[in-house]
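Sharing a structure, written as structure tokens. Questions coming.
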């Protein structure tokens, strides 16, 4: 919807997922750096109930479906489920229908995630390909959305496309080399960028505080937003580094503790549990 | 030809092939999911005559040649085999000649398919490369076709190019990794999209029922068609999933039956044929 | 130079090389199809002197250098080696200088070929990369050449770019996978296309026979030339298939004869030479 | 900054790094050509102090950080650290802020280099990816910089983008295949090109000697600069070949000397040092 909430809502969805991914891939990377293949033992020891739940229920896919359907419903309630106005015979609120279409593809991606997580006999890689498709549809609709808008509006959405396009490319690459850790991390960074940029676009086009309207045809403003886009990138890299560093140090601490346990043998590990925990604190 | 039939005919050709491919690759995928390399045993048991015919005669390539020559003939009968009008000295019905050129390249692709199927000593990969070339020529001619048309017409054909371009790319990739199952499935999806979109373009530009003409310069209509393109994608994915699910379940049922036969030994399998068939029905 | 010869000369250079490559790669492909790795024995037996010369002297690279320098000299003799007109202080015949620049890069490519052929301690792959660079420079200068020309002229040169761009891409790929046979064959096809299209452009822009001038702003003519480009592709594929078929059959005949010799043992092969030769004739 | 120094400074930074890389990768290539994996023994024998320093302290990364911060400081001192003019409420010297942003990303790249060099537990490949990102940000800001400038200015910066874009691509490829020697050499060539082209742009737009101003709307000048760009490429290739040849011959001479030493055994190598050195001179 053409207001602040219509931009903040998808932005928040992207941010939520990307923050979750940042933590998840940081854990995976930290575990590889530490020489172990699986991080499951470290995780499951401390939070067995949450872990078991997460590993059996495809939370990520279900969240995608729920969020996408929620967004879809909001758009359609505003559009009264009407594509063609019965009185004028014209198309009715096409913008909302376009957003509905985007949400549908993300719901489809969630559905594929669930199928893969449940180990359904579906072709491997369809989770990444459906993600790539959802992003491509989003980018395509945004691209054809811009016809006849103000200069600043067009620039803001083109910059959004600069965040979407590499995600499309990286997601489809992931379908071919699912083991690479760099690819999901790059995808995460671009998803964070999409999230923060959606908020930025909302704030610039629909300023919530009166008196701060942006001149949409100013050359200076256009120069500024492309620079602001780069600052978002910088901020995101900073955020991801901090998360990775914290996760790495937590992981190393757990690892050391585990190592001590293993040296003492499996029998004594249970007994020494309290001791090594107090060492860490 | 610039009428509904001229768009419906190639659309139908693309649809026919893509539906056949959907079934064929679904069978191949189902057989890989089930742990077997070749689906030939399952297939050949039930329909030995059709199977032997299909495996020896390069049906796909021959169909391509026949369809392409049929399309070519229709275009040329309408153009009276005349490239330069002898009276005015001007080019005569260049559109038909362009379509003729496209059909020729698809005929060439069919010819390469036949050569490969007959195990002629030709370089491997020329079937995929000639497909890629035929699609590239189609895209190129469509792209240079659009000069000086109405906005909606241009948009409709550009969306068609969005379906052609990935097919070109995927087909040439197939020449390098012919074993991947994801690539032919993606090509199939984009070919289905081309087929349905050809029909859509025909219906929008040459409406068969009077009173439903589209305003070719309306901004709303242009916004709608890019959304309709995404709906086509959704419908195609739904269709492919349904076909794949049905094929997978048929395959599993056959597999189970075969498994029972194999456990009982080759001697008893013939005897129990009727029994296990009745189990399935 | 902006005349028929200025287009026919580079076109002929491209054609000459591409025809040579067609034969050379056909021989290599025929030998791989026949199960042997090297075609040298078959070749050298019949024409030992030519073969030894060809395998020691880097003919291809030297020809490139000679042709490029010849082209360069012609362009510079026409431009009187003058970049800045001493009287007006303006640039003098920049078109000729641009062509000179292109020729220089092809001479550089020839020089790299010579270095590789002489097994100089240079990094492998620089022959393919310098080819790619020469083509990229050619394409780039052509692209920036078109500023402010007639529609038909621009279209003709853009189509030339459509032949150059894939060559650039394929040549740089060859630096990474030099063993693939499909890549040089594709490069050969696009080089043939460049050669014939250079002639076509020359004939359209500078018609040698009076009374056949082309209207450079006609929409029909622009539609025709993009179709003619596709016909060139068809013709080239036909030419390459004929050459490949002829080479393959000659090769098979030689192979069979050699096979007979080998079965009879090396001692008798010399004795039976005349006999098996007469069988072939 | 919009003057000669503002273009010469980054140009010099790029040149400095690229010249250093030319030497470094030439040594690596020469050592591979000579059949040895590491060039360290040859280097360290003659200059042990410098070598040990270079191998322990991440000089390259630190230099990047220092240069980038120096550039950043100069830009900000000129802009008085002011983004929004407090009096007019307008953005203040956005060009300087854009350059600051570029320098920041190169500083980040230097920081990643230092982390990798210090063997910090960071994901491998982030040095190449951050380089790619810094170049992409540079290219993006330049691209959106050009809005509403003179034709020649736009052309000059677009040619700069032609040098930046392949560097972005090659740098990100390096993250995946860090062992290839061709990729860093190509990156080096494009960095040299950026360096010399920055100087060229500075000299054309802000001629240091009066009376040599360039007409910024002249068609001839635009034709010339795209040719001049190709001449820069030629010059750079010449420079790199000369450096490589010199390095290769020095390396071969050392190698031969070492070989003699090894044949005589490690005991006599020290004794014969003076003798073999005099052989070389």
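Order of writing sets the chain letters: A, B, C and D. Residues in each chain are counted from 1.
The definition used in the following text is that a residue touches a chain if its C-beta (ideal position, glycine included) is under 8 Å from a C-beta of that chain, and two chains touch if they have at least 3 such contacts.
Since this is a predicted model, take the numbers as computed values, not measurements.
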Set of chains adjacent to subunit B and to subunit C: none
Same-site or different-site touching of subunit C by its copy subunit D, using the half cut: different
Centroid comparison with subunit B (C-alpha atoms), farthest chain: D
Subunit B and subunit D, separation of their C-alpha mean positions in angstrom: 49
CA centroid of subunit A to CA centroid of subunit B, Å: 35
Shared-contact residues (touching 2 or more other chains) in subunit D: none
Pairs of chains found to touch, sorted by chain label: A-B, A-D, B-C, C-D
Subunit D - residues contacting subunit C, complex: 29-30, 33-34, 155, 162, 181-182, 185-186, 219-224, 226-227, 229-231, 233-234, 237, 244, 248
List of subunit D residues in touch with subunit A within their complex: 90-91, 94, 97-98, 101, 104-105, 108, 121, 123, 125, 129, 133, 137, 140-141, 144-145, 147-148, 175
